[in-house]
Amino acid sequence: MMAGNELYVGTAIGLIVIGFVAVLTRRNLLKIVLGFSIADTGVNLLIVSLGWLPGRTAPIVDDPSMFSDRAALAVNAARVVDPVPQALVLTAIVIGVGVTALMLAYVIRLYAVGGTLDVRQFGRLKW
Amino acid sequence: MKQIVAVVALATLAILLWQLAPIAMPSGLGVVAQHYAEHGVQDNRGANLVTSVVVNYRGFDTLGEVTVLFLSVSGAAFVLRRRTGLEVHEPRRASEIVRTGARLLFAPIVLFGTYIFVHGHLTPGGGFQGGAVVASGVLLLLLANKDHPLPHGFLSWTESLSGLGFVAAGLAGLWAGGSFLANRGILPLGTWNQLFSAGVIPVIYTFVGLKVGSELATLLDVMMHAADEEVHQ
Amino acid sequence: MVNPILLIAVSLGVAFLLPVVDRLGRGVSRTVHLLTLAFGMLVSFRWLAALAAGAQPARIITGGWPPPLGINLFFGPLEAALAALAFTTALVAALYLAHHEQVPTVKSLVIQLVLVVGAVGLIMTRDLFNTFVFLEITGIGTYAILSFGRERESLESGFKYMALGSVASIFILLGVAFLYKLTGTLNLDDMAGRLPAVAVAGVGTVLLLLLVGLMAELKLFPLNGPAIDIYDGGEPGVMALLVGTTVNAVLFTFFKVLSLYRGDAWALAVSTVGMVTFVVANLLAIRQTRVRRMLGYSSSAQLGLLVFLLPFVRGEVVLMSAMALLLLNHTLAKAGLLWLAGLHGGERLEDWRGAFPDSVALRVSLGALILAMVGMPPFPGFWGKWQALVGLARSDAWPWIVPLLVGSLLELVYYFGWYRHILEPAGEGSRGAGRAAFAEVAGILLFAGTALALGVRMTAGIWGGPASPALLLGLVGLVLLLVRAIPVKAGAAVSLAATAWILVRMFLSGGGCPLWNVQGFFVVVTLGGALVISLAGLGLPVERRSFWGLFLILVGSILGLITSPSLLGFFVGWELMTWSSYLLVSQGRKGTRPGFLYMLFSGAAGFLILGGLMVAEGAGVDAIGGLVQLGGGAALAAWTLVAAGFAVKVASLGVHIWAPDAYAESPDLFTPFLSGVISKIPIFGLAVVAARIAAPSLHTVAGALEPVHVLAWVGGLTAFGMTLLAVFQEDAKRLLAYSSVGQVGYIVAALAIMSPLGWTAGLWHVVNHLLFKGLLFLAVAGVVYRTGTRRFADMGGLITRMPVSFVSVLIGIIALSGVPPLSGFAGKWLLYEALMERGWLLLTAALMFASVIAFLYCFRLIHSIFLGQLKPEHRELREAPPALLAAQVLLMAGIMVLSVWPQALLDPLQRLVGATFGAAGLELEGALTLTTSFGYFNAVAIMTLVAVLFVVLLAFLLFAGPRSKKIRQLDIVYAAEVPPPPEELHYAWAFFKPYERAFAPILRSAATAFWKGVGEVTGALGEAGRRIYTGDAQTYMLYAMLFILVLAGLGLAG
Amino acid sequence: MPLLPKILWSLVGVLGALAYGLAIGGIIRKVMARIQGRIGPPVWQPYLDLGKNLSLRTATHHGVMSFIAPIFRAGGGIGLYLLIPVVVGVPALENFSFSGDLLMAMYFMFFGSLGMALGAAEAGHPHSPIGISRGLSQMTAYELPFALAVVALVAQTGSFSIHEIVAAQQGGWLHWNLIQNPLAAVAAFLAFLGMNMYAPFNIVGAPQEIPVGPPTEFNSQFLSLLMVGRATFAVAKMVLYMDLFLGGATSLPEAFVKTFLIYFWSVFVGAVFPRFRTEQAIRFFLGWPTVAGVAGVLLVMLNR
Amino acid sequence: MEKRKLPVLPVAAPPEGSRPHAPLGEGCFLGEEELPKAPALKEALATIKNWFRAQSLWVMAYGTGCGAIELRPLTTARFDMERFGMAMRPTPRQSNVLIVSGYLATKSLKRVIRAYEQMPSPKWIVGLGSCTINGGMYWDSYNTINRLDLYLPVDVYIAGCMPRPEALIEGFKYLMERVKKGEANGWHHYLENLDWYKANQKKLITDWNLPDYNW
């Protein structure tokens, strides 16, 4: 039986590798961009799973009683998962979106100038 | 050949990463997280600890995040500033039902998005999520009608001013609270679990929401019209 | 003081506003953009000044929470400097880019501004995840701005860059996340504190992920393909911006993050990757034909060098300073060069032929930046490299010096391969600046000027302030170089006045005759040579305007080299001399290729010497005077390296191939100086630097084989080999060139004797060689000037047309060949006496043999030019210009004085040598006869004897027998036949053919073939090596995967 | 010895050397003729030739250097003679040897050759430079064994002074350097063949190829002076060899005998050999003579 | 050996009105223009000089025709001209005697003239064989000269076809005698009548291509 989050981590690593496979072996630029997105997703999943604690809830204090005194807060602290990875992943997602957007813009223009989406056609600058 | 090497390499990489799985196993809160969990609510009077982390403790990251988005949108627009070489495929015009439905749905979607970012400090969600929802409304409009007139001036102003507002809020913290993006000393922290609480956090999140919404809308617009002859400014 | 956070906040605010501001007009948004950058620049410079004055660094918290709860920033001297550099670069880049936009849009301004924000944030932040965010900002900003240039190329390269960057960011993000998981904190300092306590399997892998991610961001070998591609495909102005902002910031980030990596393995890994990058990138660049791509390789290499140094920095203060200087230098030089590349537009190296003929400032800037780039003094890069080497030498890391110097040499190869084309005379197709706006060139001038000003300041610090003659001459030279209005002849006059003034001042100032110590002796030799050249320059025109400026810089650098008491000062002067003489050599009509070779070998010599000096520095010696303290293996190593360097610089047999062409093709006015003075500077080095090391300890170290004996044989074989090769030359200047190298070989042998008499012989020959070779080269210069050819076969019979020049050459060759009664004999006599005293018998015989072979070329020189048949086209030739003749007369007078009264020079030499060795070795018996332990020689008597014989026999010729009559030129005995025209009659081509046949077995130039082979092998390596950059995005990313696996396999994981 | 008598004695010495040198030339011609079965010219024929050349009615020259050549040539011969002590211990016959040592003498040898080369080349006749090219080439070649021999002797004696070298050989013929260092002597005497330019080393004059070589254009008094130079130079060389290898001389008759023997070494070789080509001559000198010279030097080094 | 007088043709008389050649061309130097005058000292000196000259005749080693074959034996053991102080010189600058050995083609005449003019004075020409006297067996050849002394001053003729070496030696001895007495003055005659000689030479040599500097 899984003691922790092997499933999440395994899935995340799987996603990363799948993304990388797409990135390294597909020739279509769009698929490469897609591969990056998949890998990004894997990373994000991994980050979130890093903050996951078994049996705990989201880090939102929604019970008024919890706010009454400090001791209660300490109790609450033992009730929630780590909020930091969630904050990080938020940022990471946005960054991923930004990069993807820019990549897509590049792909649009590459298609415009090269008339193809084959990544191998864009290796004229070399050596 | 290259592909085989790539697959073998990636398999090895997967094994390497899997070695890290034990580290990833749950192990309780770290020192910083412990502090956030214990003192987060008191420090910021925000119910949503994640929001506290995002906007206050790690607010500087968020500013950067907003900047990233802003930058990538500007960048996409910059990359797409040339419009030569692309054929324009005039898509099939959507049906009247779709177009009308989209227009009808637009307002509720924006409203929902606004709700999400305004309540970012209380409930799950926040500026980014809300902004994304708002932008999805725009996306709907554009999908329904590629040439749907967007208020470019409004978007641009919103984009700029909300960004400026974020920075201004941060500077206000510097002026009043002693450090950039400080939450204390500017607005009263208010009472926990109320809309107007948690100091400048909702303000900032509102700015973020507006900014993200307008940015993503602009991005969609830019991409949508990448092949158009007229030159956007 | 302004809070540094405002640097970020204000710029970011403005960036957000810019699209709106743009509605008021592009001019407004541009102005706002520039003002913002100016504000940032001002603030960071003020901070820099304050921090330098001792202010506390700013520690900034955000969100109101101290670290590790909140994100904190730090703004210390390094950060301030980097920020200042970033803002300055961005400001100038903005000015430049405004003129190069094809589709103007406000987005470009926005991206530029955010890019700077990202860089500054990256520099300041102390939070790991925040670092990632800023990395992404700079990354995305970079990807976006990369599309600035020609579309297809920029997009192609930009996409590859972005793809690899994305892979990198995935690795980094993974690393950051795991690190958070491991330590529970994201604050860098906090994490560094906690990490050692984490003892979990897999930490290494996590750190490796982060490390490789950062290396991929930095584009270190083998991940540097895309970085090189963007130089090729991107707009150069954009690349300049990136060099000043992103690259530095990422490098600094790497530096900060390295605090997480404890343990030697990591340091070794980082250093190795850095050094491999440095060497390999430089190697791969040497076959590059496209300028901007070459600059890309160079950037990669420089970055590698900096990364290499990073792990060492923590241990050594001097390395920190070295890093800073190298980084500053690289930014200034690379950005400047990129702007120049953009302005010029030449794609291939050949397109740069005679670049910027219309702008002195740009040409000078280009030269200065290239020199700065390869780490030549006075530019900051030199000081950086020196300090880096000193730091390495003083630590355990000294073996790294070898690849560092090798890489630097490779760097020299391609930069000077490029510079060579630039130095070609301007002609058809030379591109100029045209109507470049001032804003475009402002950055170039600013950066070049800054580099130069910093360099001059540092040099002044080493050479004893701006009042030292060395620096003064250099500055006057700089003025001559830059001010176009000064006529060329005025340059010669200035040079004449300056050298004469310094010379007179030296002799008039107290403290006795300057010849009484080695430094003074060489200063007098240098200035004397310069004086004569300047005098000749009044008559002989030079082709390039920059001649006199460079010449004064050269003279100044030699003075600095000689007078400086420290090793650093010596080497500064050495390298300054190297490049200024290189530039002068390249001014010849076909001088650029020989100049290139000259530079390569001089550079190699410089690095050998540098290696030797580093051995000394490693032993804690930094003054020339302290070299005597070296002992044991250090002394032997230092001496060997230094002596080898000097041996290369004097073009010893085997490494002589650079010399003939350099001498022959350099401007006619410069060759005498090259031969008479510059070739003597290695001799100075041997006498002052090498001898100090050798003197006390060498015998004990090396056992049976005395190293100086080897050096003496090197000198002797050089003398023999070069003399032999001189015999077969068909070109007057080449002949003299070989001869010159051979003569210096005698001097080397003489100094290597390491006895008072040997030194007297060597130093005597230094002066004598200056006199006669200067005389010969000047006379030949006059002939070449009048006839327009250097080929023997095209001359002949000029004795009637140029009698004074003929006398010059006659006196010159008699002095050269060592035939009594002229001064050459005294030199030979001293040398052989010294050699016999030392007991090196075979060497004595070999040198005697060599000196006899010299007759062959001496005769050939004078015969082929002045004797034999006068060509019809030379019937109306005029004598050389009077000023040139005046210079020759001056030298002739010198030779005559030394011939009649050698004591005039031997007396001071006696004191000099006596002061060095404590013994004289030579007796001036009765002030007339010179006596050594082996022999004696009375110059006055010999001179009298010869004079009397001459008069008597002349009288006999005139009065005995019939009155003789001169007959016409072609009225010769020709088997009773009508002689053919002079062209066929003049026996000058292949003059010593039988001799050549006799010596054929040893004449096959193995040296040329060998060095050609070395060049080809290196080139082939570079050519083959750069094939790994296939240009395919996926291959590059695959390299990243493989790289991480290789590093993991090497045991860094775990 | 005071200077004035020294000068007078030297003058006498030079004239004597000239007479001796010319006579030797005559003897050689006679000897060669006898070897070839001819009667041959009278022994005094060189005097007649000299007189004839001074008796001509016209003299032509090609410019300044045409004067320089004979002057240097004769000056080189006479000067060299004056720098070498003929009979060590007799001040009148030690000439001006006080003004320079063996090195001076060695380099003074080149004085004449170089001057001759310069003057001959000015005439513009192609044979002159060809001859000079050959002559200089050969000169450098025989200089190597000669230098090796000299180095060996000097190292052996510990001095460059000819006086010292002679002094070191006193006390019987077994002390002569010829015996003391036979290898060096072999080298030097082989070099002497080249120095004298008799067959097989007469490539400079090479009658069949470049008629008389360098002096092709010289006549009348110019030619006379060249003859004077050649005669005195020959004597000087013989004396030098005598001083170096045959223990010098204690009296004039001894000097005559020894020099005569030295000279006839080259004459006898010359009488029976054909001529070398230039490169053959060079290779010859760089071959066994050099080996002998090196061996001689090594011998000295081992003995120390 | 009994002394025989060899038949000697008189030199061709100079034409009327010819005068000693005025200044010669700048580049050409054929010799002094005047003979020593009477004074006793100079006379004595001239005697000595002539004595020297006679004892050391250097022969220009130049064979123009078949007669040159008879010159070779002179240097051999059997005849050995060196015993008279005679020697072959390869360069005219150092030669005193020019032997025109047999027939002289007009083509060779040019060379002979040039060689002769480059010899230092005093210089003598020995005509060897009948060809130099009257053309000999080539008397009617279209391209040989018949009388040498029309073109160059001959001091001694040695008749015969060919004369043997003994005859040559005889001729030389005769020349020596004349030289010793100061009678062999052909060179002087040549100078005095240069115009006439030149005219004769040019008459024969139609392709006169000797450059200007020759005179």
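Per-chain numbering from 1; labels A, B, C, D and E assigned in written order.
The rule is simple: a residue touches a chain if its C-beta (ideal position, glycine included) is under 8 Å from a C-beta of that chain, and two chains touch if they have at least 3 such contacts.
Everything numeric here is computed off the predicted structure, so don't read it as measured data.
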| item | value |
| --- | --- |
| Chains in simultaneous contact with chain B and chain D | C |
| Chain located farthest away, centre of chain D as origin (C-alpha) | B |
| Label of the chain whose CA centroid is most distant from the centroid of chain E | B |
| Pair sharing more residue contacts (C-beta pairs) when D-E is set against B-C | B-C |
| Separation of chain A from chain B, taking each centre as the mean of its C-alpha atoms, in whole Å | 15 |
| Mean-CA-position distance for chain E and chain A (Å) | 119 |
| Euclidean distance of C-alpha centroids - chain A vs chain C, Å | 51 |
| Sites on chain A at which at least two other chains make contact | 16, 20, 24-25, 46, 50, 84, 88, 91, 95, 98-99, 102, 106, 109, 113 |
| Touching two or more other chains - residues of chain C | 129, 133, 136, 140, 143-144, 147, 151, 155, 174, 178, 180-181, 186, 962, 965, 967, 969-970, 973, 1034, 1038, 1041 |
| Residues of chain D touching at least two other chains | 54, 56-60, 216-217, 220 |
| Chains that touch, pairwise | A-B, A-C, B-C, C-D, C-E, D-E |
| Complex contacts: residues of chain E adjacent to chain C | 26-29, 32, 62, 91-93, 111-112, 114-115, 118, 209-211, 213-214 |
| Complex interface listing, chain D residues touching chain E | 29, 33, 36-42, 45, 48-49, 51-52, 54-60, 207, 211-212, 215-220, 223 |
| Residues of chain B that touch chain A when the two form their complex | 3, 6-7, 10-11, 13-14, 17-18, 20-21, 24-26, 28-30, 32-34, 36-42, 47-50, 52-54, 58, 61-62, 64-65, 68-69, 71-73, 75-77, 79-80, 82, 84-86, 123-124, 126, 128, 192-193, 212, 219, 222-223, 226-227 |
| Residue ranges of chain C touching chain E (in the complex, touch as defined) | 962, 965, 967-971, 973, 975-978 |
| Contacting residues of chain A [partner chain C, same complex] | 16, 20, 23-25, 29, 32, 36, 39-40, 43, 46-47, 50, 84-85, 88, 91-92, 95, 98-99, 102-103, 106-107, 109-110, 113-114, 119-120, 122-127 |
